[in-house]
Amino acid sequence: MKIIESPELDAFRDECRAWLADNVPREKRPPEGPAMRDFDLAWQKRQYEGGWAGVSWPKDYGGRGLSVLEQLVWHEEYARAGAPPSGSMFVALSHAGPTLIVSGSKAQKARHLPTILRGEENWCQGFSEPGAGSDLAALKTRAVIDGDHLVVNGTKIWTSYGHLATWQELLVRTDPDLPRHKGISWVICDMRTPGIDIRPIKAMSGLTHFCQVFYDDVRIPLANVVGEVNGGWRVAMTTLGFERGTGTIAHQIELSNTVDRLIAAARDLPAADGRGRVIDDGAVVADLATLRAEVLALRSLTAASVSRGMREEVPGAEGNIVALWFGELSRRVHAAALDLLGPRGLERGGDHDWPLHYLEAYKWAIGGGTSEIRRNAIGERVLGLPKGPSAR
Amino acid sequence: MKIIESPELDAFRDECRAWLADNVPREKRPPEGPAMRDFDLAWQKRQYEGGWAGVSWPKDYGGRGLSVLEQLVWHEEYARAGAPPSGSMFVALSHAGPTLIVSGSKAQKARHLPTILRGEENWCQGFSEPGAGSDLAALKTRAVIDGDHLVVNGTKIWTSYGHLATWQELLVRTDPDLPRHKGISWVICDMRTPGIDIRPIKAMSGLTHFCQVFYDDVRIPLANVVGEVNGGWRVAMTTLGFERGTGTIAHQIELSNTVDRLIAAARDLPAADGRGRVIDDGAVVADLATLRAEVLALRSLTAASVSRGMREEVPGAEGNIVALWFGELSRRVHAAALDLLGPRGLERGGDHDWPLHYLEAYKWAIGGGTSEIRRNAIGERVLGLPKGPSAR
Amino acid sequence: MIVDLHPTEDQRMIEESVRAFLADRLPVERLREPAHQGGAAEAAAWAELTALGLFGLGLDEARGGLGLGLAEEALVARALGLHLVSPSVVAQMIAPHLAPDDALRAALVAGETRAAFANRIGEAGGHLIDGAGASHAVLLAGGVALIGIDALGSPEPVDAIDETVRIARMLAAFPAAPRDAASDRALLLLAAYLTGIAQATRDMAVAYAITREQFGQPIGAFQAIKHMAADMATRAAAAEAQCFHAAVTFGRGLDDGIEAAAAALLAETAALANAGANIQIHGGMGFTAECDAHLYLKRAHLLASLAGGRRLHQRRLLGTAS
Amino acid sequence: MIVDLHPTEDQRMIEESVRAFLADRLPVERLREPAHQGGAAEAAAWAELTALGLFGLGLDEARGGLGLGLAEEALVARALGLHLVSPSVVAQMIAPHLAPDDALRAALVAGETRAAFANRIGEAGGHLIDGAGASHAVLLAGGVALIGIDALGSPEPVDAIDETVRIARMLAAFPAAPRDAASDRALLLLAAYLTGIAQATRDMAVAYAITREQFGQPIGAFQAIKHMAADMATRAAAAEAQCFHAAVTFGRGLDDGIEAAAAALLAETAALANAGANIQIHGGMGFTAECDAHLYLKRAHLLASLAGGRRLHQRRLLGTAS
């Protein structure tokens, strides 16, 4: 346990900060749709041109080739500067790109990594299915080899920005006779291929970020398989090591800012009974103080996770602890906002659309593994408790 | 939904109240041991002599033969008068006696009901075993028929007041070849029988109320079997209807009194920082108010349970809702006490021994079915959710 | 006092007729269509709602009502919550009790004059909820008062968390009303509505947990889901028991204000927690606008806000607020 | 600032040597014997505890210490919590930092002069914890101060929730001490001790859940138990991360008071919740005095109280308390 510091890192941090101060977009990011995607791509392009795309990505493909420490500093300064979320670039930057770096062929890397870093193309994810949400290994989308192509039939759901993406990282079942986790392949799918039908799904917040994607005899070149045919599960599992726990820093700092904003509002707003301010109620103090402690702990848990990530090639199940803490905390923070802001807090729009953020916050305890699935993983893979007879 | 009232019930209530006002023991009840047992028996005797034992028990065996409404009124007035807990008489009055009334032979009733009501003999329960706590049907204590006796070998645990009781309601396995719930018999066991070894267990509160009981070739007359041999599960299950949901009224009112006592303490005690009183902190208001609402709900849930009980012969699984609510609330109430009383609240003894009550409160979410087992029952038997593959 | 919480035959009939009508004419799915939101579907069914006797249920016969009690009104309000009926229908049930004269009262009971909820937000005006067609507002302002809608100034539409109601922001300032028997009655009906939300979401979650399979079995077989559902059932049962206990004993010597505040606190907690758990149990589907789960969550927030919020109930429970 | 929370080789060695010593000489089971309670077992191991360097660990070498940091002290305090070592050992670690002169400091580091915790209860005196053999008290009074034990008046033994420590009630009145760097350091060590309790109870519950069978399988296979254990692990991890993050960054420009208050709040919550869950997972056995589970619960309450309690931490986190 120590503070990692060096004149070089300090200089790098100053450099990040200076560039971000000059370059973070001042205009409001569109909330959804093609305008949002174009904004995200343009911002990525600007980062690339400034030399800030892919801080720890290989130099050969347009990255900076620096270490996880610089990557960490960049993430921190990025979030502190209030830079926009990576949004529709997230899968490309934090998942598909890293997967290709670890498991892609030279040709696949050369084709895709530069277009990601330059903000020319973005990606979406095709993992979950209507019958395989929490239980990913139950996926049924079928791919049959036909000559030098795979022919895909089936459907994927919860595909973020599927209607706005150029490429998709797609898990398909290439051999239904093998055990569940075998027989799956990881494929690069061009979203413009004939036979793909994309149906956007509106979330309860009113935003349309998700899609269901239908595949009807969709032909994908065999050359687009990453890793081995039937080796997709391993490809998907080893991806996660690349970010080394830094991927959630932006969300962590954003949530911390939200708590600060909430505390400021409680100091500012008159109490419901007209006497004093909202913060004068000890119950409000207790709630907000607990949330402040919990976001500090989120920062600390993230630091612990990055500390482990710097030493492990394949991340352990401990990441589920950070994810569980974040998911539950995020919902509590936003629920507390609605609780203490009173009736005015129910109005949409405004400087900070509290109901929108509250409704969106539900996704963190559902998407990418529900809190229940994460508790299973913590119980079984961190604590070593026996599997239930049901979770085969 | 209505208020049940009649001049007769009002008169009965006045009668209860008057007798209790004159007769409730003023001396402090000993906290444990034979002195406590003797106190409990003497108080039962006094109730019997006053004509108040077994308000709804059959007249033939010394009861008053009145309806559930009078029983309810008696329970309410009993608790309001601050009358002592039934303690070491609880099993006899609330479980073994009712079981005999419903399932006992004439001879069994004639032998036991009067001695219970007169406070001459008390009972304990022999259901749980070290390997069969939550899973009662897994009990292993064996009873083999030998002539006109059962010969019992095995052990029971969590037997409240086992070292202080004359009789025991004992569940034994009389046929190990039958399915788990079959092959069990309900037996009246004389605790003075040779071969019985009783080992008291100290609770974490320091009180010794529980025992483990060992049976080494204990001979019990076959005539002591209640209901059929191998029919004990049904006997045990149908018992519970007798109380018609009134059995928990004393605990409910006691918990309500505890919350009132706590609120009074918060109004009275200076705040930790010396400014004002403990109650001036809005967080304390929030906690105590929530507890007050929750004990009111406990009262209302109990009323709902009694309303159902007046109409059903065999109680449904809804009783688990009241028990779950009570168990969790009881622990929260006492934890709140320690929290708001500060360091002084950690001292033992005093007018109200808060740590003692806090530590004892853990039993309600553990004893007689843990909160987890109750949630299973609510999920499966109230809501109709499917059984897990494990809870065979 | 012995309180029998089992519904009488008459109570069961009233509740069932209202439920049957609502299931037929105002099913929750109607809210998927903007055209049926904002009280529009209720306006279309107004004659039948009036004919069901909803608006004079708890009013003395001498005052033009059916002479039933608060318990019957609460049963109806709970049914309205189960179906996410426009809060204006609850307002219309409350309004006749507040009417200052016979003519207005009769017009309210007959459904000819219509009321909607408005709530006071500190000194800064307030919100009018589903006010289309209403000439009067049941103003929730600590206590409760019936006022002409003109007194609200010119309400200006705003978007709010629950897009299935129409909310207008008013800029006129209103004095707080004192807590009295009428406001305790109103609070209990809001609590009953919230209890309906808690029960509807429990039932929706259970139905989904029985049919939806993951890992080769219905998700309701997993303890994580089963226990979440059991907690939903327990919260709903507590809110229900307290709500109806308070309603049936209303005016009988206990402290109605404390009983009503307890009901409102428990019902708010149960409605919000159950609506959230229902979304969680529905997983990704629950997060979408295609699934009705979010409608309950949003309405629960709105109703909890109308009822005054848990901090107010808590202060009342300890007598540290008026 | 990049904070590496992975222990250095030196840190690992220090922690392991302390843990090995405690496992050997002060296993938790010792507390089943009254003769080993109240700091008696620690007194018997005093020479070795001193020889391990515990009491000068974080003190500058110039002031007679080992020159290590707060992080190393926190690792040791956590180990003390894992073994429910007498709080006086923590007091002895804090005391040298508070000593006003070299002689007293040297005597404390050498273990020749002994200290124990005392805490101030409002204006009304306070408690002295395991004070046998101590001549000085580390007085926890909002802030922290080292005073001669004579100043406490004549302490009078009382029974308290944790019967494995000896508590005396003092009647002398003490002024509150201001919060300063020393009190933040002390608070962090108490938080580390509570984190130890949270982790020990997590591990005890997991070990039991793996071996204990019900319904034909280890209870840890049931989601109800598994998820309870997962929540225990998560709470413990949060407390641990915050505690060590605060310790390693101490004095480096962040607000140490807020960081320490957060650590104390999370560690109190984790210790109390995990100690309670450990009892719940142990079922009936956990409720008995024969199972060690209750020892952790009782000590958690005592330490939470010494640390000042969650309401104080909360006010500090928002800057609404000194």
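So that you can tell them apart, the chains are marked A, B, C and D in the order they are listed, and the count of residues begins at 1 in each.
Assume a residue touches a chain if its C-beta (ideal position, glycine included) is under 8 Å from a C-beta of that chain, and two chains touch if they have at least 3 such contacts.
Remember, predicted model here, so these are calculated numbers, not experimental data.
Asks: Measuring between Cα centroids, what's the chain most distant from subunit B?
Replies: So the farthest one, by centre of C-alpha atoms, is A.
Asks: When the C-alpha atoms of subunit A and subunit B are each averaged to a single point, how far apart are the two points in Å?
Replies: Measuring from centre to centre gives 52 Å for this pair.
Asks: Rounded to the nearest whole Å, what is the centre-to-centre distance of subunit A and subunit C, using the mean of the C-alpha atoms as each centre?
Replies: Spacing between the chain centres: roughly 38 Å.
Asks: When the C-alpha atoms of subunit B and subunit C are each averaged to a single point, how far apart are the two points in Å?
Replies: Subunit B and subunit C have C-alpha centres separated by 38 Å.
Asks: In angstrom, rounded to a whole number, how far apart do the mean CA points of subunit C and subunit D lie?
Replies: 49
Asks: Would you mind listing the residues of subunit C that make contact with two or more other chains?
Replies: Residues 217, 221-225, 227, 310-311, 314.
Asks: Out of subunit A, which residues touch more than one other chain, so two or more?
Replies: 281-283, 285-286, 372, 375-376, 388-390
Asks: Which of line, ring, star, complete and other names the graph you get from chains that touch?
Replies: Contact pattern: complete, every chain touching every other.
Asks: Which subunit A residues qualify as touching subunit C in the complex?
Replies: Listed in rising order, the residues of subunit A that touch subunit C are 128, 131, 133-135, 138, 157-158, 201-204, 206, 210, 270-274, 281, 283, 331, 335, 338-339, 342-344, 346-349, 355, 358-359, 362-363, 365-367, 370-372, 375-376, 388, 390-392.
Asks: Per the contact definition, I'd like the list of subunit C residues that touch subunit D in the complex.
Replies: So the residues of subunit C in touch with subunit D come to 222-224, 227.
Asks: For a test of understanding, state which residues of subunit C touch subunit B in their complex under the given definition.
Replies: Touch residues, subunit C against subunit B: 1-8, 11, 71, 202, 206, 209-210, 217-218, 220-223, 225-227, 229-231, 233-234, 237-242, 244-249, 252, 258-259, 261-262, 265-266, 310-311, 313-318, 320.
Asks: What residues of subunit A sit close enough to touch subunit B in their complex?
Replies: 280-286, 388-390
Asks: Can you list the residues on subunit B that touch subunit C in the complex?
Replies: Subunit B reaches subunit C through residues 1-5, 9, 69, 72-73, 263, 279, 282, 285-286, 288-290, 292-294, 296-301, 303-304, 307-308, 310-311, 318, 321, 324-325, 372, 374-376, 378-380, 382-389.
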